[in-house]
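Two complexes, one shared chain (subunit A), two partners (subunit B, subunit C).
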Partner chain A sequence: MIKQSMMAVLFTLMTMMTATAATLEEQLASYRTQGAGTFDAKAGQTLWTTSHGTDPEVGEKICTACHMDDPHKPGKHRKTGKIIEPMAVSVNPQRFTDPEKVEKWFLRNCRQVMGRECTPQEKGDVLSYLGSL
Partner chain B sequence: MHGNKRWAMVALSTIMLTASWAIADDDDHKGEEHGKNKTTENAAPATMDPVYIKECGACHFPFPVGMLPDRSWRAMMADLPHHFGEDATLPEKVAAKILDYAVANAGERSKNRLDRYVASSVKADQVPLRISEVPFFVEEHKEAAKHVNAKGPVSHWSSCPLCHTKADSGSFEEHEIKIPQANK
Partner chain C sequence: MNQTTPTSIIVWDWPTRLFHWLLVAAFGIAFATSGDDPLLRVHLWSGFLFFGLIVFRIVWGFVGTRHARFSDFVASPAHVIAHLIGVLHRRPQRFLGHNPAGGWAILLLLSLGLLLALFGFLVLGGQEGYGLFAGLLTLAQGHQAMEIHEAICFSMLALIGIHWAGVIVESLLHRENLVAAMFHGRKRMENMAPSPNSVPTHAKLAIMIALGALVTPTVFLLSMDSTPLWANNPGLKITHAWEIACGECHLPFSPSLLPSRSWEALLAGEEDHFGDILALKPETKEALRQSFIGHSAEDEPTEAAYHINHSVQKNQTPQRISDTPYWRKKHRNIDAETWKSKDMGKARCDGCHADAKEGIFDDRAITWQAPFNAQSKQSPENGR
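== the complex of A and B ==
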């Protein structure tokens, strides 16, 4: 039970630490401290629209498979049909304001689509692209 | 969580599982006619944990944890990187919290009648990861199955709320069902 309460405390601390909303700029700055250079929205767009082949179980390995071609419009999870809110910051200002959420999805989706984690440079490029639309 | 802590948790929960099994067995009416049965133990479904809704409702409807036995949730939470072909990885602490919630409200422990019908139809030697493949579910949905196809308004079983209009509050009572029609 001690372990459980320890976990509860840890969890509360964790949520408190991430409760402060970050701006896109802060997010990019944090990638720079992790070694990234100047960000390139064009490179981000290329990553966003590059296909990495087809997985027999889940289909084409490409970001737009779920987020769809136009980032201003809602996407749709290709396997469950659940609607995904637009990714372009201009139409969805809530995007990329929770660093923990951003990292969680980059980890999952880069591994899923590209078969590896994205580098801080690549993440910054993608966010610059989606932030510039 | 480190290896030995995890094992301590597994051991602990196994003890809890065994203990609650005996209690749960009592109110499982496996053979009873489900629709009409009103057992004394039929509380409203437990309120869903907000973290569970946020994390496990990100790609699909957050399924009622009472509809699978707790061994299913243990198996599922142990392999989130390969979740039905998707990567659903969570930070360990978040995953641990969700597992606690799922186990505490799993089929063996649910006070809700329908939860128990679904979960208790699972054979003792099986560890299903899909609610939609559990015997009671398959039996109940034989008729509805023709409405679930890629072209229609309901493409997957995982979209429970499309037919069960109160699913968001965990309720799946028969009178709340409304199947969306294709030509609308």
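== the complex of A and C ==
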């Protein structure tokens, strides 16, 4: 009986883990259908840590300005102080499980930081980087 | 017959004296805490006590000991005039109890006190949406009731001034410390006819104590143990779209905190939302519009919505809640240091208002109290 329920719990956990992974994979797959090639976590990291100058009102335009240098740790909205949950999938499995949310924030933040929208290649690289941590 | 007649007797019975000083305390506390939202509780407690005391004194004016009774000190206008002429000639007649002018001051003070408490209840019901008269008045009427409550209060202050003047003049003219008399209850006999013993009977005391024990706590319980009328208003509930679009960067402020034209302006300016690009999709914009139409400051029946809407001039469109005159007035005593402290910030209403997300803003849900020196601390900064 106990063994059975333990197996059930284990099975549920495994399905949950694979479900998350599948969503990230699905996200990457959808970028490939939009014309992206092979994704490179290293390129993603470079993008994540590249500064795009300084805005006189909000400060330095770089992902880590709000998400902080260590993606395993929470970030903070520069003006409102609202806590941003960690970006590394390993500590925050909820990350990138909602495609609508992913697209919303890529759209907003790429325009905010880089002054343009990100390409499917860039998005895939960043997700690969944050998913590999 | 005893050879040595007493030189002084008890004129003010102890319930009257206790009433007097408790009333002074209740009025003083209520006055000191008026207009201070985090301290509204204290204002209400002292107000309920004040009301209970006035009720006691009116009943005691009919059943109390001799000089506590209205029949002892409410004189005809002719007597009042005659007495005041006597004061002008520095030869007023001496009374053991209240003199004719003083008697009227007492009667007026009690009447004004009763009115003051009554309008206090109306303000509580109208402005805060709870208490005995919740739902009786609209917010606008509640605001009018508050102005009357204040006017009565200042009339009472003026009357207290006259009361003091009377006490000082009579103390000087008769060379008798009347303030002390209100503590120990005794006044000089001189050639006055001895009055019946001013010690209340046990039966009367029992009735009065029962009355006192009933009035104040009942009023207190009926008033304090209730939520504002609008606490469960479905119109205050924010939509999912609002929660997601606003709530991912800051507290999803209740749409009731700005007029709808302000929210329209914020939607129109979403490409530069205080420095942030919102990049809202058309359908998101529409969902947000549907979230505030009919639920903005001009629509919702809360105290905060009413006052914010009325504080903003019709030709102005503030884009920050903290730019509205009502918000500024309500937060004027909070210094820069407090705003910077860990859990607070002008975008974080819920740092102090536990019910901020629900848009209720009940004074009893404020979790922060300004230090008493906040005002003096702030003034040099303003001067800079």
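Simple rule for what comes next: the second predicted complex is superposed on the first by the 111 of 133 C-alpha atoms of A that agree within 3 Å, B and C clash if a C-alpha of one lies under 4 Å from a C-alpha of the other, contacts with A are read in each partner's own complex, and residues count from 1 in each chain.
Keep in mind that, in the parts below, a residue touches a chain if its C-beta (ideal position, glycine included) is under 8 Å from a C-beta of that chain, and two chains touch if they have at least 3 such contacts.
What you see is a predicted model; the values in this text were computed from it and never measured.
Shared-chain residue A:82: touches subunit B and subunit C both.
Considering which of subunit B and subunit C touches more of subunit A, the answer is B. In the superposed model, A:111 lies in contact with both subunit B and subunit C. Touch criterion not met for A:53: it reaches neither subunit B nor subunit C. After overlaying the two complexes on the shared chain, residue contacts for A:35 are found with neither subunit B nor subunit C. Subunit A uses residues 55, 57-58, 77, 79-82, 104, 107-108, 111-112 to touch subunit B in one structure and subunit C in the other.
Residues 248-250, 274-279, 345, 347-348 of subunit C are the ones that touch subunit A when the two sit in their complex.
Those residues of subunit A that touch subunit C in the shared complex are 55, 57-58, 77, 79-82, 104, 107-108, 111-112. Listed in rising order, the residues of subunit B touching subunit A in the complex are 5, 8-9, 59-61, 81, 84-91, 93-94, 96-97, 100, 155-156, 158-159. Contacts from subunit A toward subunit B in the complex involve residues 3-4, 7, 10-11, 14, 55, 57-58, 77, 79-82, 100, 104, 107-109, 111-112.
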